[in-house]
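First subunit A sits with subunit B, and in the next complex the same chain sits with subunit C.
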Partner chain A sequence: MSVGRAETFDKAVDFATQTIQLSLDDEPRNLNSIKAVDQISIFFIEHVMEGLLRQDERGRIVGGVAERWEIDDRHARFWLRHNAKWSDGKPVTAKDFVFGWRSGVDPANASEYASIMYSVKNAEAINAGKLPVTALGINAIDDYTLEVELEKPTGYFAYLMNFQIFYPVREDFYRAQNGRYFADIKNMIFNGPFKLTEWVHAASFRMEKNETYWNRDQVKLNVINIPYVTNDNLARFNLFKDGKTALEDGMRGIGKEQVTSAVNNRMRIRAYSDGSIWYTEMNHRKERITSNKNLRKAMQAVLDSQEIVNKVIGIPGYIPAYSLFPVWLQGVHKKFRQEYPAQPPVLDVELAKRYMQQAKQELGMETLPPLALLCDDKENAIREAVYFQSLFKRTLGLEIRVDIQTFKQRLEKMQYGEFDMILAGWGPDYNDPMTFADLFASWNENNHGRYNNPEYDAALRQALGTSDPQLRMGAFGKAQQILIDDAAVLPQYERVVSYVQNPKLRGVAFKQTGAVMVLTYARVVE
Partner chain B sequence: MLSYIVKRFGMGVLTIWFIATATFVAMHLVPGNPLAQEKAVNPVIRANLEKQYGLDKPVTTQYIIYITNMLHGDFGISYTQENRFVKDIISEHFPVSAELGLLSLFFATLGGVLFGAITALSRNRWPDHLIMVFVILGVSVPNFVFAALGQLLILKLNGWTGTTILPIAGWDGFGSMLMPSLVLGLSTMAYLTRLMRATMLEVAGTDYIRTARAKGLSTTRIFLSHQLRNAIMPVITVLGPAIAIITTGGFVVESVFTIPGLGRYFVQAVQQLDYTVIMGTTVFFGAFLVLMVIVADILYGFVDPRIRVEAGR
Partner chain C sequence: MTSFTPKPEDFALLAQRPSLHHLQRPSMSYWQDAWRRLRRDPKASVSLYLIIALFMITLFGPLLWRVEPAREDLDVISYPPGLRIPALIVTDPVQWPGVHADPAALVPADPNSTQSLAATTTIRVEGEATTQYVRLTWQPVAGAATYLVYRNDHTPEAAGDLGLPLFQTLSAEELSFEDRLQLKPQDYWYTVIASDGVEEASVVTTMKVPVQRALTVSQARERGLDATPGQIVSLGAHPFGTDTLGRDILARVMQGGRVSLFIGIVAPLLFVFMGTVYGGISGYFGGTIDAVMMRVTDFLVALPFLLFMILFRIAFGIGPGESGIVPMMIALVLLSWENTARLVRGQVLQLREEAYVQAALLLGAKPLYLIFRHMIPNTIGPLLVNLTFSIPMAIFTEAFLSFIGMGVAPPTSSWGSMSNDGIKTMVNTPHELLFPALFISVTVLAFNLLGDGLRDALDSRMRSRE
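Let's turn to the complex of A and B:
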């Protein structure tokens, strides 16, 4: 097997054949739905597979393989449509979900996202090797009826059904691949809107409309061609300018220079929220001075998110953040943040200095030692770190030592708590405040600063104990306020991804969870 | 000659073993966990993952497993592309890098020998000065600048003429290979030009050239049969390692021109702490380099009989 030539067309979009061409920044890590973790894999999987439920072009939950469903505190029941088919023509049945879910929690598969399945009965025990996979609370009553037992009430269970690890896996096909399921084109079978028909490693991909997909009439594009794979942002932007690709979002937003270049070339710059929130995480371990609440309050009182967005980031569209919970999250009836607004902290240097004084007294220090600010080696992070350095020095007389680390080394330091502060961010897994709130629970692995507030934990337990939306959102409202009062974490911004798009390409949908860009509803106009 | 070659290969194998061991040690000394992701996993899942990759075993056991597997040509499965064998990554992407590398080496050698000879023959006159300005640029400007400039040039040309004169990126036929291989070969070309110029001038001052001239030979004849043959020796010496470096090290050029070569794996593996890919590519590169040096040494013997005689003693 060798790398062939990428088949390149001359055009970014073609009306007659409904073909579009794109570029990617990397290879998918693993296209097996029970193993996938990275954005690129998830992008492909969501286009070639379908779960019980899916999100429509406006992000609302609608039927996928299931046409009807009921979810309560302890159970979920799904009725599957009879016309959902695999790409070889066989029907998608309840058994395919049973096998897929069991594979997801099977310790032998070592799935990184297994924990998101822990709301299904016995999932955690199975994943720890204490129970056999057959003990999982999922049962095919017949070929088209699926009964799920929940471990605990899960208010966001419907959203999880669009998460790749909950997708169907057909046992006979899976076993026939001998551990190579979805490793290459010949090891794949699809039940989604598209089929992956070509994959030349690190070179090119081709997706074609799946004619066996039950909702095929909704799918307008015939071919999605991806003949370029490079992590060079400028090269990908040049491909767009040269009319070779139909959309360029720099994978996480085109940079400052590309925005300028786009403006100069009279291109329309568009933007979508990728759902992520970016903040400064504090180290709450006893031996760190950042465990002092007044010190954190002092920093909070001088930190202006608006200024960071305008002066430091300087890319249009970023939203200044005052809460851990982004504005797009759904609440009971309206958006969560409309129902539970977050008060921006009072910006007052004098107040900050008083907090600072108190902090010094409590810590018994005349002058505070420099704080270590951990960040990664990306341009944005370094710019922010330098800004913090000058801000805290100027307003509070506080020294900051910036600790720039490459990816894996930064993760290592985060895990072992070798920092006072970290510039960090979080992308959601599902549309519910819990995907963020969970981060600062005392039991969470991702709580790098070991924030431990019994009141906060209690609010979360309350939200975990019920599926009543009113009670749950109320609990998150409380949790939100605790984080602000404690200055437990200092939010900076919600990321918005700037991108450019060929004007003939319409109907590209963006959402905040799963695959951020969805081409299922897209089409090329004349 | 044969015992010389056998000896060189024996040393080569030892060198490769040393490279493999040093890489293994260095890799495990670098802080960071190859399995760590932005989203941390709970201890249960981490244990499952470590078991899958054999990271739950002691490092010495891991080393023994790894060396044993390597002897069987098995470098394991990539950590970042979980379905791909490292040996497949190498065998699929190295040919692309090699193709790119050989073409750029062709440009580099052709240009280097040609420009080197021109500068030496026209020493201190304008062609010499002009070429040397470009040589200094070629040596000192890093190739990511040339790569970006080269791409921009094609982009402007295409936009200006309204057609695709050359593709700005991709790996699709000779047209797409032209610019990247020129860019990749540029610094080697500049280096060879300088080397060629220096040795040509050195040779020009020797007794046998003076003798040849005194015999009344024509300048062309002197250049072709005496000067060039002697001056090209050092070029062959550097060409060996240059082949290895150029055919595996085109990372920047590969990413700018979206070429599916091995270069990106080489660099990204280190950033991602992809243990198996780091080991695989490093050992492969090491072995390739060692091989090329040996080949250069043997070729050297063919071009210059004196070396063969000395080695034979």
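Let's turn to the complex of A and C:
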């Protein structure tokens, strides 16, 4: 039995050749780093390309193409290493970054992530078509020195350098592809730790170690083989179980049934935080009764995140949330939440009833109309919604109508404000509290409930106006407290993603921004 | 030719003889006879009693089993069928700050170290381990950056056999964890692994913790149990167990039965009636009218039910989170009568040509008389059979639509929606699927068998075969 298992496991990982095998659930939609948005494209780009800076296996920022850098309120300067090379042997120069960044904000390219570049001077105006791309605040002083002008102080600018839209694009190569840049193997050029050497559309992929990569000695894996592409989660889990693949994370976590199956098969289950926070968003538009603060406070006083996480959802590893800002966010010296703790709200049904009474008086209603609670058609979301329905009815006498929609439909309804409450979540785009805080700024299109609090906006402006970490974190601390006092949003949990991994594969890291698996530091042990 | 005049003596009484064969059957109406034959068919009569029992359960059950079907009890989630759940009363928990080490006293993680970390040696349970919480603390390990906590429901058998990944500490200072994740009264094996952020300790320690079911004083009070800490109380019984939100499945099955049987009875009654009237008219008048009317039914057969169901939902302004039962009924009634209509038309066409109908017509009977005296009584047999077979069809349709989320709105249950919920946890807690599915199957089977029996019983031609 044990012999048989060892044999099958050898297919998933091979020590001698440092080869691993994986499966994917879909094709990458667009491998062009300027236009990539989906998780799978980002997974590939993360391995075959490299930006100015990158994250090490512990998530710290380290030099990538740049070996030295300086960032202040208005400027950023990068000194590129001379040994960083493209896969055809030519050096990676500052001009490649200039071209890449200009392409990113070029309205002709219509990149969905262009807005993430708005902290670079003139980026927003260029993207709106008001200025030519050459006005972008990036300048190659020489081949190996890059000077960036910032639109506004951006405390998290170093983290952004690890975002694919900031990666280099070589102009001569790009132009030679006639719009087919990265559309197929022959249209690709790499500067990252791996090369994509095989791509049979919708069937298989193969990545090999890039021998021209400057840091190739640190890369242990020689081959990442991806011979399976199927969107059937169970089939991919079974591939892992049969020893055909080295890691299975179901793209967003293996399901409850697979977790049980893994426990029963005596497998080691691992988990990583995908960085996302899940909450009940409220509709603050005037015509909705959820715009009443006392009503929201009443709900806040009966909502127990502990109970939701442990009893209702029941997936191991989820963290009960009391703040919009997840616990993993870095503060000045320690974690942000260690420096600015968020107190769990006081759970008190009597207090909630008093809030409720006040709300009814202010709204001038004897009984409140039923509230529409919008949620996804996923098992967990529905269970949570039904729990809310019974909880609010029992404690507050408040009727809830559960509006179950597909993910796409839910986003559409959120956009049009057709809800009283939504069970929603947000994953970080970069490693800074701003990626979450921004959600409730009055100027943000993603502020679906149209929360508008001048004090909150002021706190955010303060954080946006400086790159001094102390001031910025202080401002976020204030913003956090305003949201809690206002019961503007009711946080429920921080999500974790469960996965299974071959015991011989070590050193796999996960990037919280984008929840992308990083195999650059991985190796196969004997 | 001689004439014969009878004389009185010709009429003498014969001696009375006992009757040799008293050939008399009790006079029986058609219905009495059908009933008798139905009773003699064991399958049909058992089904009939089953159906009566189902009606009684769904109608009067909730009066006896007074458990609110939407009431959630998060202390008994996915509990298997059981009559008595004992629980220990404990004092209300005070918030636990946990155990934090002094950062200065810790040996920090060394990113360049190649040495494997030591195992976390002492895991302790703080306080009592109950289903309310299990509080674990451990000693710091030199060089650790984080700790991982696992919980297993069986003795670890292999190196990676650790169970569920419960928690990972954010820093090396955290030396405790409070587990509250769906704790059941059983033995658990907890493992704490030290990690330097990338590499884990190669040796791990596992500790067995027996967990006892417990209720806090305030939770007990909420349930109307007056108890003091240390006392053992019994939680409400759940003969069919509970679902993933701790709702009583028996109560939900009874509530769901009302929805399912309501749809199952009312919709067929309505569309069978519609079909009878339509088919009767079509068959009686015949000719062009018949041809036109039958083409309309042909057209109706081609209409997709699900599409119309969705259209009706929109047309009726059924908002999100509202019950879709009304549009479902209307769609069922409007789109399902064509079968009955064809059946009745065929019968009426046939009966119209029967000699006794022709005779009645000659004697001046009016159409209404003909329809009520001759046509309807003679089609009622096949009609009843049609009705009994329509009922399971309607129940199935409701179950299917609720299963795909177009039927009842939460928290109302129906057998279909309960099956839909239950199927997701089928492997771990099969009872959540078993009971609603069983009720659907039994009901549909019973109606089918009853229909079979009725067909035999009501068919007078079957009589001659006895």
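A few notes on this one:
Basically, the second predicted complex is superposed on the first by the 514 of 526 C-alpha atoms of A that agree within 3 Å, B and C clash if a C-alpha of one lies under 4 Å from a C-alpha of the other, contacts with A are read in each partner's own complex, and residues count from 1 in each chain.
FYI, contacts are C-beta pairs under 8 Å (C-beta built on N, C-alpha and C of every residue); 3 or more make two chains touch, one makes a residue touch a chain.
Every value quoted in this text rests on a predicted model; they were computed, and no experiment measured them.
Taken together in the superposed arrangement on subunit A, subunit B and subunit C fit without clashing.
Between the C-alpha centres of subunit B and subunit C, as seen from that of subunit A in the superposed arrangement, lies an angle of 50 degrees, given as a multiple of 10.
When the shared chain is aligned, no partner comes close enough to touch A:Q480: not subunit B, not subunit C. Contacts of A:T19 after superposition on the shared chain: neither subunit B nor subunit C is touched. In the superposition on chain A, contact is made by A:S115 with subunit B only, not with subunit C. In the superposition on chain A, contact is made by A:V259 with subunit C only, not with subunit B. Within the superposed three-chain model, A:A183 lies in touch with subunit B and out of touch with subunit C [touch as defined at top]. Figure legend note: subunit B and subunit C, brought together by superposition on chain A, show a least Cα distance of 12 Å. Shared interface residues of subunit A (contacting subunit B in one complex, subunit C in the other): none.
Those residues of subunit A lying in contact with subunit C across their complex are 57-58, 256-257, 259-261, 263, 266-271, 273, 306-307, 309-312, 314, 316-317, 327-328, 334-335, 338, 370, 372-374, 377, 379, 382-383, 385-387, 389-391, 393, 400-405, 496, 498, 503, 506-507, 509, 521. Against subunit A, in their complex, subunit B makes its touches with residues 30-34, 36-45, 48-49, 51-52, 80-84, 88-89, 91-93, 95-96, 148, 151-152, 155, 158-159, 164, 167-173, 254-258, 260, 264, 268, 271-273. Note for the complex: subunit A touches subunit B at residues 1-3, 5-8, 10, 23, 27, 29-32, 35, 37, 107-112, 114-115, 124, 127-128, 180, 182-184, 200-203, 227-232, 234-235, 238-239, 241-242, 244, 406-409, 411-413, 415, 445-446, 448. Contact residues of subunit C toward subunit A in the complex are 70-72, 74, 77, 111, 151-153, 157-168, 170-171, 180-182, 197-199, 244-246, 319-322, 405, 409-411, 424-425, 427-428.
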